Each structure stands twice: as C-alpha cells, then as structure tokens.
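What follows is subunit A paired twice: with subunit B in the first complex and subunit C in the second.
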Partner chain A sequence: MASGRPAADGSPRAGAVPSARRHRLLRLAVLGGGALLLLLLSPLLGTVPIPPLTVLDLFLNHLSGGFLFSDPCAGLGITATKCTAYGEIVWEARVPEVLLAVFAGASLGMAGGTLQGVFRNPLADPFLLGLSSGGTLGAAVVLVLHIGETEEYLFLPLFAFVGACATGLAILAVARGRFGSIETLLLVGVALSNLLSAILTLFLLYNPISSQQVYFWLLGGLGEATWIGDGVALGVLLVAGTLLALLGRDLNLLQLGHDVAQTAGVDSRRVRIDLILLASILTAVAVAFTGIIGFVGLVSPHVVRRLIGTDYRLVLPGSAAAGAGFLLIARDLSLVIFPTSVLPIGIFTAFAGVPFFLYLLYRSRAASPMGVAG
Partner chain B sequence: MNPPGPPPLELETVRAVYGERVALRGVDLTVGRGTLVALAGPNGSGKTTLLRVALGLLPAAVGEARLFGTPVDRLPIAERARRVAWVPQSESPRDDVRLFDYVLYGRYPHHGALDAETESDRTIAIRVITEVGLADRANDGILTLSGGERQRATLARALAQEAPLLLLDEPTTHLDIAHQLDLLERVRSLTRERGIAVVAALHDLNLAARFADRIVVLSRGQRVAEGPPAEVLSEELLLRVWGVASERRLDPRTGVPYLIPHRLVHDEPGRGEIAGFGPIHVVGGGGAGAPILRALADRGFRVTSGALNLLDTDAEAAEALGIPAPLEAPFAPIGPEVRARHRELIQAARVVVLGPIAVGPSNLANLEDLRSEAGTRPVWLVRENPAGAWDFTGGAASKLVEELKGLGARSVRDVPQLLASLQPLASPAPPGGHGSDRDARPTGGVELG
Partner chain C sequence: MTLNPSPPPAARTVPIAWFAVALLVVAGVAVAATAGYYALRPTSTPGSIALTDDLGRNVTVPYDPSRVVVLSPSIVDTMYRLGLRSHIVGVDCYAPALGGISEDYSPDQVALWGLNSSMCVEIGPTFDFESLLNQTPQLVLASTIVSVESVEQITTTYHIPVVMLQPPTVNGVLVDVSMIGRIFGVESQANALNAQLSTELASAANAVGSLESFPTVLVTYDVDQNGYWTFGPDTFGQSLIELSGAANIAAAANGTFAYPELSGEQVLAADPAYLVYATGYGLTESTYANAPFWHDLTAVNDGNLTGIDSNWITEPDPTMILSGLPALIAAFHPST
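After this line comes the complex of A and B, so read on.
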C-alpha cells in the first residue's frame, strides 16, 4: 500500500497507520455482508420447490404473526392446503435450517480460529481435541440406550453437548499439572480422542441396530433444526463469541509464545484455559445440533487470515462470518446439485472445502499458511 | 548515588530447579536504578534461569526475587509487566505482523480488556520504534526484517511496556559486531538518559566490560564474581570459570580491560589436579623461556620467572601471562637488587626449570643463583639444542650446569617432555586419570617425592 509507507523524514506518518486497519475492517464488513446475503437467499432453496416470492411472502407472513401477507399464496394457483404446507415447510424447516447453518458455521469457524491461535498450529480444528468423539459418544449413549424415547430431540443434543464439553474439560484436567507445554495438551487430546472412538466402536459393536442412526449423525446435517435449538445455539454463540472476541488481543500476544506473552502482561495459562474452554463450548453446541460437520472450522480461519491479516481481534469475528457463509454455501450447493435428496452436509463441506483449501495452499506455498514453516 | 526507594531487582538466596536439575544454588543479586548489569557465565551457568526467576516465569524453590521491593510472585501478571520487560534470546513470531502493531503489543499491560489502543499508545510505539532506529520499517511485516532488525524490534516491543527494569537474554547472539555494539549502545543510553535499570545476559565478557557498570559472573548456578569490569575481568576468572587461558589488556582509549583468549585448557588430562600447583620457577631470557611459561600457565600451574631484562621477549611474555618476574633495566647486567628478588623466587619454588637460554656475562648471575639456591628442589634442564653455542662465558656456565646435573638435575628434550615429567609431581592420581571437574582445586598440599 502506498499509503502505508513512512514519510520521507523517516518518521512513520501517524495517519498511515490506522488506514491499513480501516482497510482490513472493510474486508471484514464485506465478508459479513456476503454471509448475510447468503442467509437471505438460502431459504429460497429446499427439497420442495416453492416459488421464491411465495417463500418471501410466507416468511414475512409468519414473521409478522399473520399480519402481513395474510393470503401469501393468492393469485399463484396454489391451493390453501398446499399453501399451509408450504408455510410449514418454510417456517418450521427451511428458516430454522438456514439459521442453524449460520449459528453452527459461525461457532465452528470461531472455534477453529481460536484453536489454531492457541495451538499456533494451522492444522488445528474444532475436532482436534477429540471433542467430536466426545459429542458422538454422548449422542450414541442416547441412541443406543434409548434414553427418553419420545424426547429424543431434547436428549440427543443435550448428551452430545455434555459429551463434547466433558471431553474438553477432561483434557484440561489431565494436562493441568504440565500445562507449560501446549504440545502436551494436544497429545492428550489426540490420545483421548482415540480412546473415545474405541469406546464408541465397542458400543456400536454390541448394538448394530443403533449404528445406522449413529452413523448418519456422524456425517452431520441440518435436518434436525428447530427454533428452540436455534435459540440455544444463538445464545451460546453470543455469550461464548463475545467472550472470545474480548480475548483477541491476548490471542495476538500468545502468538509470541507463552513466556513472552506472560512477560507482556498476559496471564498465558489462564487465557489458554479460557480460550480452549470457550472453543470447546462453541464446538459442543454445533455438534449437539448438527452432528459432525468437518472442514468448516479448519478452512474458515485460513480464508480470513488471507483476507484480513493475522490480528485475532478481527480473525475471530471474521472466522465466524466465514464459517456461517461456508456452511450456507455447502447447504445451498447440495440442494442445487441434488434438489430432492437430503445428503449429509458434511459431504458437501468436504467437496466444496477441499479444492478451495488446496487452492489456498497452492497460492501460499511461498509463505506458509500461518507464517510458520513446517 | 541511587535515588531513594527499593531497588528495581533484588534476588535473595535464590535457588531454582528444573525438576531434578538444580539451575541456581542460592544466588544473591541487587540491581540499582539506572545501572547496567551484565550477567556473564558459560552456557548452562544459570543466566537465563536467573532472568526467568526475576520475571516470575520460574518460581524460586528457595529464596525470593523482588521487583521494586515486592516479591514477584505476589504481583499480578499485568503489574509485573509494568515493572519489568523482557527481551528474549530470540523470538520466533509466527505471523507477519506489521512492526508497528507488534510494538503496540507492548502496550498490553496498560489496558483493560475492553480498551482500544489510544493515541498515546500509538505515539509511544512510534517513539520507541524511532529510538531503536527502525522508523523506516514501521509498516513492514516483522518477518521481512533482518536478524538485527528483528532483535531491535523485540527491544522496541519491550520498551513500549515502559517498564523501569529491562532484562535482556543474550541480545547480541545473532548479531554481527556492528549490530552488537549498536544494540548495547542503545541499551546503555537508556540507563543513562531514562534511569532504566538493565540486566543483560552476555556471552561476551569483553562486550560486557565495555558496556556494563557491573558484571556478575555465574558458574554452575552460583555467583562466582561480582563488581565493576576492571575488578572482575581477570585471566584467573576466565581460566577458572571457562577453562580458557587468556591475556588481560587495557583498552588504551577507554581504560576498560579486555581479555584475549588464547586457548582452551579445561579438557586436558590432569588439569584439574595440577591447577594451582607450584610455584614453578623458570629461568629464561632472550625468548627461550616464553614457550615454557605459556605452556605451564596454560596448564594451570602457578609460575614465576626471572631474572629478566625489560623489553626482553620472555619479560613481555611473563607480563602478558601475569607471571611475576624480577626485571633489570634493558640490556644491563643483572644487578644485586634484582638478584636478591630472584633468589627469593627460587627459594619459594617447588620446582625449578632452566630454559634453553644462552648465557653470557650479563646473565651468568642467574645460573649462579640457581646453583646456590636450588637446594634439594627438583631441577629440570630444558636443553633443546645442546650442540649449539650457548655458553659465552668461557666455560663458567657449562661448569655450573654440570654441577647442577651432579646434584640430580634432570634433562628433558623439549616442553612436552617437561610437562610429562612434571605431571606425576603435580597429580598423585594414577597416570591417565582425567580431571573432569574443572572447578576443582587441590584440597591439601601436594607433597613432592
């Protein structure tokens, strides 16, 4: 940037410094705007074809409690019964699904950004610490033991959430004594993840009937979206996301290492625990309502760093926006390509994500992804 | 001298451990305001550990580190950062953060979680960047900086903390000589102009002597020397702590002492045992004694020499090695006063060595004194070239040498043979026993057979 160069007298121009930051904020805004646009357009797509304008009318009708567009299907040749069914579809399925994609995507993106920062590792993602295994095991407990048969929609996410959070806490507890090394933590997580997977396999081995359900859950999807679930996910995202955003500066300093950060005033140990805990909670809430959706948490922070730099105060909200947008794209893509079938969305995040990720790596092969070699 | 108030840094009998390994064994240290203290010592002597304890990164197992009077472990982490800043040996940033933003990180301890950086933070960042001479790089990514610039960037980040105490860990390690001088010059001016107290761990004793007000030497986790450079820097110190034979000189322009390292001696067999054995008196002259003096001094023997003439090669060698030797005026015959002192040295010696000197009327006295004073002491004659003309006294010198031989003096061919002959005298240990502990000292007198 020409505006970023220092003045001729050798002293950096005071005006030059904030302008670069404004530039990055603008990109962040564009990213957020793009995600918002996707959010508005996504409900138009679904397994049942409904004319776009009707979707809009139905949505506004429900949103206003029947006050606006009291006869949303008028003049379209759609029967009243069908109109009511369309209304149900839009309001009870599509909108909650799209919102879930946003909240879960944002949670995963932010958790990924946080964990990549904490571990100073470009390969870190929300499922790294075995949080997915913990969540799956929680879900499997419900499905295998048939807990709360009729209230499965309530117990499944609850157990999954508890399972994922408990895993996060267990890792922190195990690593407590030797917290000096972040690598130790990572290894404990990987070990625990394997242990949980083994337990899950054992579970399914003796309950083959449930394994189909668990398998589908493992692939992840938005099909179980409900307004209540969305409300919970939003609540958790807002609280954990805000707390994380406030730790952006601490995360910046942690990039210099535990000791340097601490001598600069960061309570490195505590901040690391806070960050991992918050990332675990965000991951857990996403896992609870969508199952395991891979790649969102890994790719989103990379895209954001590429766009707006390495300042975690911007990377974290940016990763949330990118994660939301990414999951929406994956959902929409699956509906465009296979309009009538409900395929697990995890397949599409991989299909859309992997080529893009490889492209990013190709572009940045000169400068390594996080500025770190190897 | 010092303004009132508790000193920036105090260490009281600090013991620090890494698991089983003891890194500091009861170290005391006080750093006053506006002083630059250099922390010297071999690798693994505890310099970095000492800094880590002072920073509160490593708790003292025993004892206490205090920052401006308050124990560091009782200070909140942000308050520590307002009192002391750290320049680590090398920082490996992951991200290509702009230098300006990187330096702003140093403002962290001055903010709450919700505060944004203020205009004054930016002003401070620009000021310290300018101070370290990187104003033209303020908008560049730190990964694009050279090694020297990176080190100065780290210094700027630490300075942005505006802490009155600054700890530097080997800040010059990756720098060339010009950047070493530049960095230390900047650091020293901080102590002079702003009263900042600085502790810098430095490998290079000469750099330390040049810039520090005081030098603290650590060896194996203990403080083995402390004081102004002129007092601390000595050949004895370099030999004792580093196992390096050296020569002490004074910088004629600054009056600051410096050491010229000669060679490593600590890993030679038997050095641990012979260290301090002596004195061995060497009769030299005309350069014949210098190789013997150097070899003996390097091995850790205590050595004396004489009687020599000023400007003589051997006299210069003795002076350089810190070997006491009575000196006569240049080119003059050895006079009675010098002879008297020479005799005293021979009497005080445990072993006497006669170098392959040429003897004429002016230095025949040396042989006469050797003959009369040697007594029952072992005498070695180093006669490298007995066939060559060396006796310019008409046979008097040859006669004295023969008499010495008659009294039991033994001839050796050269310096290595001399050293081999001296070895059993100095170390009663079986031959081939290697001295592993280079700080070891003979505990009792070594008796001659």
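After this line comes the complex of A and C, so read on.
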C-alpha cells in the first residue's frame, strides 16, 4: 500500500494535491459535457431521414405545446399528415429512445463501477454476476406465464426489478457464511448467472410465442422506449444514484481492505450489501427497458478510472456519464453504419467497446487497472 | 502498535429500508403512469367498428381506413383477394440493411402484390417504430410475428389501433376473412371468398372422408443438425394436416410445444409413410437431405416425398386452403 492509512475523505490517494483534484474534477466535467453534447445531437439520427433543422423545430414545437414553430415542416413539401407523423417520430420515438440510452447507460455504468469497486475485480459487472440474467428472467416469467395480460406493460419492468434484486440478494445469501471472501461472492454470482441463463433458455424453448418477446431482452435494444419508461428509469437512477454517490467514500475505504475500512468506522459487510443491492436496482431498470446490453457496465468504469483516478466519489458519477455517452455512441454508430435498420444495440456496444477496451488495456498493461485496490 | 477496530457506526451505511422505499416509489410511479396512459386510450367514435380479434382483444378501429399497415404475408393475401391492395401502405420486413422485404415475402408475392422496399416496416430483429409512423397508418393489421409488447406500444404510445389476426385453425381463416370484410365494408366480397374456401374444404372432406385410416406424415418447414421443425398440436398446421386426411407424427411425438423441433431419432422411430417439406426462401430438397436420418426414412426411400411452396402451408390464409390443402391431399393420397 503506497499511502498507509486512508485520508480523512476516504480517498485512496491520500497525498493528492488540490490542483490534481481540480484536474480530475475538470475531466469529470468534460466527460459529462461530452455526454450532454451527444444527447443533444443524437435525435438528429434515425431510420427515417428528417432534416436536422426540422427535427429541432419539431422538438421545440412539441416542447412548447405548439407555441413555437407552428409550421415546423415548412419548405419540405410534405402533407400535414406526414408532418404530424414526423412530429410523432421525433417526440414519441427518437427523443424517448435517446433519453433511455442516457438513463440506461448511466445506470449500467454506475452499476458496473460499483460492482468493480465492491469485488475489487476489474471484470465484475452486472452481466458476469447474473444481475442482468435475473432481470431478464423476471421479464420472461411475465411473458411465459401471461401475468397481468393487458397490464403486461406495467408488470414487465416490475418483475425485472424483482428478478435482478432477487439475484443480488441470492448472491449475498448463498455467500453469507463466508462473506469476508470476495472470491466467494464473485463465484456465486457467476454460478447463479449460468443457472439463470439455463432457466431462461428453457423458457424460450417452452413458449415460442413469448420467445419472440424474450428474444428482445436477450438482444437488447432501445426501440421500446416511451416517456413513461424514461420517467421510471430516471426516477430510479436519481434515487439509487444519489444513494450510491453518498457511499462513494465508504467504497474508497473498502478498496483498502476489510480491516482498514473497519478501523475507519465502516461496517464493510453492511456497506457491501447496500452497494450490491443498489447496483442490482440500477441494473434492473436498465434491463427492464432495454434488455441485456453488454459491455457498458464493464468498459465505462475503466475509462473513468483512466481519466480521473480511483476516487469512487468521482468514479461513480463519471461512470454514469461515460455509460450514457457510450450507449449513445453505440446507438449513433449503428444508425450511421446501417441508416435504415434498427439492429440490436449490443452488437454496437461490442463494436465500439472492444477495440477501445483493448487499447486501454494495452496502454495500461504496466499498471493495475484497479489502482491501489487492484 | 496494534490496531483495535472500533465498532462501526450504523449511521454511515444506507439502511435496507431505503431499497424498499426506492422500489415502492418506482412501483407507485409506474402504476400511476400506466393507469393514466390506459385512461387516455381512445374510445369508440362515430365511423368506427368495435370488434374482438383472434387474441381476444377488444379493439375499436376506423371504418374502411385508407392507410393500413399489414404485418403478415397471410393478411396481405386475404386483403389482395378482397380487392383491398390499394389500402396497404406498409408491410412487415426484416432489417432493410440485412434482408429487407425479401426476407418476409417471396419474389412471387412481391411481384403479385406489387410490394416494394418503400413500404418496409421493420419488425425484426428490433421493431422500428419510426418506419411504422412514417407510413402514417390509420390501422395496423398484424399476426403474432409482432410481439405483444410492440403491439401495446403501437396502441398506447402512438394511438394506432392494432387488430391481431392469428387463426388457430383452418376454419379460423374464414373468420378472419369476414372480420376484414367488415372493417373495410366489403362484406359481399368476403362472403364470396368464404364460399370459395368452404367449397374447397368440402371437396377435401369428400376426398378423404371415405378413408379407413390416415397415413402417418411429417410436414417440415425447416431442418438443422438437431432435427426437423414441424407443426405441433393446437396449431393451424395440425388442423391443415388433419383436413388433408393424414396423421401428424408430431401430435403424438411431442405434445408440449406448438411448433416443436423433432429430433432425428423421434422422426426415425415414428418413420412417417409420407413426408412433405416446404420450399422457397432458399430451402430445397438438398437442404432437407442434411437432416439427421433423412436417408434412413421409409418415406424418402419409397419416394413418398413432396416439396410444396412454403407460402402455401406455413401461412394461415386463403392460399393455404385453396392451394396448400389440395397439394397436401395429392401428396398424402396419390391415388385419389
């Protein structure tokens, strides 16, 4: 350990000078600004070609309740019906989709950052640990057993929440006897993930009609975005994200080991439970509305640690910004390469993420990606 | 110096109760929002028709809509036969960048029905709602190749009525013909088409009615290294096979799955007397010849093997009755 006892603020880098912290904050701000810029530009891309200025006019027209840009399609030479359709495309399809990318990406990024910190393992993410499979299985239960029928729209996200959170609790319960062992938790998560995948496959085979819907969760996508879904996703992100941010200092201390954290007054067992459950909730909200989208929870925290160090008070919000930006880039990349099709977003998170991830690993092979905790 | 850990203060952790509170908040928001959304759904208006579709959904649709998106080849077939082609502004297709309209419709269907890529509404691998909205439809007619969740989104978010047409039996095709006739005000054409279909069904019943026993058959529409995909019980395919005077080996071999894949061992054990395979979409006899135990089957070795256009036997529509049923009877009862 380089710095001995932790600093009073819990930062692993006890000797960091104020200017270095300012630099890290500046980089965090740049990361957030980049995600915001992508958020503003992404609605310009879609499978139906609409001129960028028309997209902006339609958006402002809807946002102002028709007060601004009363004729947003002027000069396009299209019918009023078509213009109305364009308005629905922008307001009811594209904007909710882009916002969902932001909320789901931020949730997955934050969940990944949290899990990597808790398990002190750079490979830990919601998918490896089975939280995503648990959420997908929860959704599959609704579809295969026809729970709710007409209220399926409501039950799907709720059961995904239950599935992911139950998986997080199961990991903790199974490993409770040997809770001090990070390896045990990780292995239990991997084992549960495989079990849940097997059950899910059985569901797919058993009910081919529902399989089409379950298939959506397996492939992952943003196409089912709605304002309601976005509202729920934002609400969960704000609640769970804020709680996680408050636990950033404790997560820093966990990096120094159980004894040191205990000495500093942190109940490491309780904090781990809280962190894993919060990560489960964030994973669940992403899975409920987007299905399984890989790589976001894995890559985003790595990128952030490279940029702003290992202080989890910054890593967690940074991972949220990076996750949001990453998912937006994947969405936009898919539409640039295949402008007329909506392909599973997971393909493009891998396309965008793997080369960059390998580059990061190549650049940092001499140093541990987990900083002092590695 | 020895470290002496002090007891951890409880106030520093986030209590479990927070999680329950968070979940309750989310559930509450979701319930309220969904309830509000359902309350805003459109109700019946003058010039509209209330009906119950094949999935038991109560739907209110505009009378004789001029712009309709049809998300199933079988429904296009019915509408074309009823003279309603001009009402169709969009049809289902697979990712335009990968397969497009040719993935869901054969070249013959594209030519006969005058379809083109500008009508493409992408339903897979992910439903593209932009391509649907771009067609400005007043009504969507769909089968279960579209997920229930996508249907819910079309109706609740975009307020476009969706009628699901997925007849579970051959007779269900006639019900759907009547329903489409009612929606578009072409009841007389629908009755004429149903009379034609009824005549064909009666003819089939007459042809196989005197048989003392039905031969065992396998009707497969795809194969892979694991076995043969076919129609299970309670499907329109099973109904079609029964009407053609044959006993489906899948009905007994696997009673759990609607569209099961029979293993090579199961097919060999059942050893059907006749075998029909679906052609088109790249499927030929040589494709099926790669299936397990193909060359060991009695039907193959005795030449009781017939390829039939996939569109005739895999889509529950008038063509299935008018062309598929006679073709199956000819395949299973060559002497009649």
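Methods note: the second predicted complex is superposed on the first by the 345 of 374 C-alpha atoms of A that agree within 3 Å, B and C clash if a C-alpha of one lies under 4 Å from a C-alpha of the other, contacts with A are read in each partner's own complex, and residues count from 1 in each chain.
In this text, contacts are C-beta pairs under 8 Å (C-beta built on N, C-alpha and C of every residue); 3 or more make two chains touch, one makes a residue touch a chain.
These numbers come from a predicted model, not from an experiment.
Asker: Which partner chains sit in contact with A:Gly265 here, subunit B, subunit C, both or neither? Use first/second/both/neither.
Answerer: both
Asker: Tell me which partner touches more residues of subunit A in the superposed arrangement, subunit B or subunit C.
Answerer: The partner with more contacted residues on subunit A is C.
Asker: Now for A:Pro317: first (subunit B), second (subunit C), both, or neither, which partner does it touch?
Answerer: Neither partner.
Asker: Check the residue A:Pro43 against both partner chains and state whether it touches subunit B (first), subunit C (second), both, or neither.
Answerer: Touch partners of A:Pro43: none, neither subunit B nor subunit C.
Asker: By the touch definition at the top of the document, which applies to A:Gln255: first (subunit B), second (subunit C), both, or neither?
Answerer: A:Gln255 sits against subunit B, while subunit C stays out of touch.
Asker: Per the contact definition in the header, classify A:Pro301: touching subunit B only (first), subunit C only (second), both, or neither.
Answerer: Touch status of A:Pro301: no partner.
Asker: What is the contact status of A:Ala93 with respect to subunit B (first) and subunit C (second): first, second, both, or neither?
Answerer: The answer is second: A:Ala93 touches subunit C but not subunit B.
Asker: Can A:Leu246 be said to touch subunit B (first), subunit C (second), both, or neither?
Answerer: both
Asker: Between subunit B (first) and subunit C (second), which, if any, makes contact with A:Arg120: first, second, both or neither?
Answerer: Once the two structures are laid over each other on A, A:Arg120 reaches subunit B alone.
Asker: Using the superposition on A, tell me which residues of subunit A are in contact with subunit B and, in the other complex, with subunit C.
Answerer: 246-247, 259, 262-263, 265-267
Asker: Okay, in this complex, where on subunit A does subunit B touch?
Answerer: 4-6, 10-12, 14, 16-17, 20, 120, 246-247, 249, 252-253, 255-257, 259-260, 262-267, 310-311, 367, 370-372
Asker: For a test of understanding, state which residues of subunit A touch subunit C in their complex under the given definition.
Answerer: 46-48, 81-82, 84-85, 88-89, 92-94, 143, 151-154, 156-158, 161, 165, 205-206, 208-209, 212-213, 215-216, 219, 221, 223-224, 226, 228, 231-232, 235-236, 239-240, 243, 246-247, 250, 259, 262-263, 265-268, 270-271, 273-274, 277-278, 281, 285, 338-344
Asker: For subunit C, which residues are in contact with subunit A within the complex?
Answerer: Of all residues in subunit C, those touching subunit A are 3, 5-6, 8-10, 12-14, 16, 18-19, 22-23, 25-27, 29-31, 33-34, 37, 95-98, 120, 122, 125-131, 133-136, 144-145, 147-150, 152-153, 156-158, 256-259.
Asker: In their shared complex, at which residues does subunit B touch subunit A?
Answerer: Within the complex, subunit B touches subunit A at residues 52, 55-57, 77-78, 80-82, 84-86, 88, 91-98, 100-101, 105-106, 108-109, 111, 113-114, 122-123, 126, 129-130, 135-136, 138-139, 143, 157, 161.
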